[in-house]
Amino acid sequence: MTTTATTAKKPRASSATATTTYREAMRQAMSEAMRADERVFLMGEDVGRYGGAFGVSLGMLEEFGPERIRDTPLSESAFTGAGIGAALAGMRPIVEIMTVNFSLLALDQILNNAATLLHMSGGQLPVPLVIRMTTGAGRQLAAQHSHSLEGWYAHIPGIRVLAPATIEDARHMLAPALADPDPVIIFEHGSLYNLSGPSAEDAGPADLTSAAVRREGRDISLITYGGCLPKALDAAEQLAEAGISAEVLDLRTLRPLHQDAITATVARTHRAVVVDEAWRTGSLAAEISARIMENAFYELDAPVERVCSAEVPIPYAHHMEQAALPQVEDIVAAVHRAVD
Amino acid sequence: MPEFTMPSLGADMEEGTLLEWLVHPGDTVHKGDVVAVVETAKSTIEVECFGSGTVERLLVEAGTTVAVGTPLAQIGAAAPPQAAPVAPPVAGAVDEVHSPLVRRLAAAEGVDLTTVHGTGPGGTITRADVDHAAADKARTRPRATPLARRLADVLGVDLRRVTGSGAGGTVRADDIRKVAGHAEPKAGPKAEPRKAEARKAAAARTAADRSAAMRRAIGDLMSRSKREIPHYYLSTTIDLAAADTWMRDHNRRAPVAERLVPAALLLKAAALALHDVPQLNGFWTDDHFVPATAVHLGVAVALRGVGLVAPALHDADTLELPDLMRRLKDVTIRARSGRLRGSETADPTITVTSLGDQGVEAVFGVIYPPQVALVGFGKVVMRPTAVDGLLGVRPTVTATLSADHRASDGAVGARYLATVDRLLQQPEQL
Amino acid sequence: MSPHRTRTDGHAPALRHRGELLYGMLRIRRFEERCVELYSASVIRGFVHLYIGEEAVAVGVNQALTEDDAVVATYREHGHALARGIPAEAVMAEMYGKASGCSRGRGGSMHMFDASRRFYGGSAIVGGGLPLAAGLALADRMRGQPRVTCCFFGDGAFAEGEFHETANLAALWRLPLLLVCENNLYAMGTALKREHAQTDLALRAASYGMASWPVDGMDVLAVEHAARQAAESIRAGAGPHFLELRTYRYRAHSMYDPDRYRTKEEIAEWKARDPIDALARQLRDDGEVDDEALAALERRAANEVAGAVRAAERAPEEPADELLRFVTSPVTPTRAAR
């Protein structure tokens, strides 16, 4: 059976819609989950008194107290592993790793424990853990604070990887992630936190299995996720002025990838540009490109293009950083290469 | 003569598709042997080689479209007689001739060893031969996107005939749709028709493609002719009574195979007349007239369906009438079945068109560049004609001339028509 | 409570506690000796790390644990698994890679699991079990459950950041965690003194603000005593405790190694302090067992091991088309509401 990508949903007229930000949406999602289920708690560096390095959990300590909004020492492996153990013991922890850059210090726990325990134990030990982390570059934070390693995590069987790129997904992906019996990693791109717009409060839990068509088009598919979604949408707008109709597919779930949606969009447009802030080599963009070849080869009317970051440690200086990252004009140029 | 190249089979031909090789590496060929079948926008043509020797290597795989002048095969000097007879290959034992390495390489590269000419001792195929063959194979595969290939298959479009609009000439889906004449909705056909139906549809579409392509080619050429050539037109009615009488007499005595039709006499007269008026036999190139050294009479043949070719009757002025008659039949049949030889379409020095069997009385044709004249014959009709002061009903034909005013003037044209007339009055001389 | 307290084979009367400890160690020893044979015969493959010489640690510490408590072990965990009560058949079948193995053939020697006995493996990344154990303890702490999580690890793990992160976190949050460091003096081939500037591990653990002391790991009664003390204190809310069990493995790090990093004399010295021999001697001296009773224990162990091998040999293999099972849970996440 095939499934199709959901088309971007406009808030229903009957919905209680309010203008909010991505950051607030995430906070609302966590607060809602904690009110609904006392097994849920948040732990990580500076999530309590500081209010979260990116202000996501600001005010939650006051509502839920220090037992459930748990500041940790700078021990990524220990508190991530503690999240795994607590999940094994029946809790529903949300572990916030400040950024993906520091998650490397917890990679052993994520890969060797969270992702493998279920299988290694012959099905005895599911790990219902949610790990949130900020990802991405663009804020002049230089090489060690600008990684996009979603693809590394999406490489690992046994975990689900989410990349909410809209306010609605920030608001509604957490609940189903917590309901997932297996570990889920949520990547929040740092450039999205201030995104503001309407949010449908009663939209219900998001579907974690489907990609979403954020803009429909006929001539080419821009396949992207996370922080690159706004860039892809801007590019599609510019292309429309040039008479090129670009479809924008937001992957939303990076593992498992929604293959049918990728195949379907390529079948509609016959051309694809994958936009991925990670380095090109061995990237998610590479994976998607390979899957298009495997599943939609005979639909292709042009080679798949990739727009990725330059293969360089992300530099500090603004102009150099911007030169390293995928830009709207890079996407437009890639589209022209594929279409012209 | 090291190379056999894609011949130019007409002034308008820029590229051709090698449809079929009629020789294999190792074959001995002689000048004029038909070695391959080439398809142009207008026709399918047997092409001959212009040298003698041994076919060493085929450089272009069947099914490949290449530009005029592209080497198609290497033909070496005639093979010296073998000192010792080589055992003829035994059927089924072919593999033993090749080394395991060669066989493995050939299998890996998808190279058919029977098409590879061996350069090793005793003609054995070496690793390098296979590598060359594989490289040739790779070089000649049309560049097309996967979707374009799939569409071409479904719509019955021959990829090799499609000019790609993509980077590096890559054939893309829209190129296929254009050729197929399909304003295909982008969604594309989801359910493909069943195979047999698809093949039938494909064949029909291929025929449609061909006629469309031919119309374009004719259109281009005729437009060029009318754009560049200042035509003048002359007409005269010729009494065919003498010719008709002579022909009937001949036919009564000749075996069936040598019986004539009036067209043969008309063609012969048209050819012979050029001896007297050579200004009409040749080509206009580089702003001057280049007279031809022989008379190759282009005979316009209407194709079944649609289109037109004008293959040459070589040295028509020297042919005995029965010969000319046979050649005319042969060339007409082959033109209609698409098996003309390259030189037949390449080098007519003047063209004759005859629409008499279609019932018209006169035809004023458009010159076939770079020729400078076109002769037209209408239907043979019985007309009241005054002969020696007496009115009689006699067979007549209206002969016309379209001529290039850059190469000749009306007086020359008039002399030509008059000569044709004169020749037809002495049919025994033809 | 020893899971074996009530077991008899019909030939011997119910053993008293020390006799059970002796049998607990003996069966591990005989089980692993059989593993050596099976490995040499290519029946068991992969990495196999033998616990021979260290049996007093697993058996002694388990005396302090209830079935509600949790155990996190290492890759040298046959002894922990057997002491915890996982049937020898299930452990052996796992080594055989069979469907009836305690991890359905997916874990092997290094990854024994039993959720029903709260036995959380079976971790083959040195130190990797420690954070997870802290999390199990955290859950109990948050829910106010008087349970203990016992985490076994070696002196090698003491050099890992994960130990120090976990020790600090556990002490900071006063987690009900029993940290059992099996100091067998070698991290694979590297001697303790070559990898630690300060080799008194209990002293260093104490610096994290938790109760911590060394124990003779070759004396099962001493181990039991220390573990009971620590566990009681933990249940009383005193936070994590650290026990440094000074012990020794007689055999190679994994199945075979050239043993270039230690002397035969050193091995002989430790063997002279063998916990099984020592306890047997003690019981005989005390008149609790005689030669006949010891022989009966040996027969019982031999029977148990033979039964485990027979069962493992007969057990079906997990079908290969079950390969992808358990990568994720069978329940897919909600797609409701859309």
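First chain written, first letter: the chains are A, B and C, and each begins at residue 1.
Operating definition for what follows: a contact is a pair of C-beta atoms (placed from the backbone, for glycine too) under 8 Å apart; a residue touches a chain by one contact, two chains touch by 3 or more.
Here the structure is a predicted model, which means the values were calculated and not measured.
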| item | value |
| --- | --- |
| Pair exhibiting more inter-chain C-beta contacts, A-B or A-C | A-C |
| Greatest separation from chain A - chain, by CA centre | B |
| Central chain (distance from its CA mean to the mean of all protein CA atoms) | A |
| For chain B paired with chain C, centre-to-centre distance based on mean C-alpha positions, whole Å | 90 |
| Cα-centroid distance, chain A relative to chain B, in whole angstrom | 64 |
| Inter-chain centre distance, chain A versus chain C - centres from mean C-alpha coordinates, in Å | 40 |
| Residue ranges of chain C in contact with chain A within the complex | 70, 101-107, 111, 113-115, 120-123, 125, 128, 130-140, 142, 149, 161-162, 165-166, 168-169, 172, 325-329, 331-338 |
| Residues of chain A defined as touching chain C within the complex | 6, 41, 67, 72-73, 75, 77-91, 93, 108-109, 112-113, 117-126, 157-158, 160, 176-177, 179-182, 203-210 |
| Residues of chain A defined as touching chain B within the complex | 218, 267-270, 297-302, 337 |
| Chain A partner contacts - residues on chain B that touch it in the complex | 145-150, 166-167, 172-174, 186-188 |
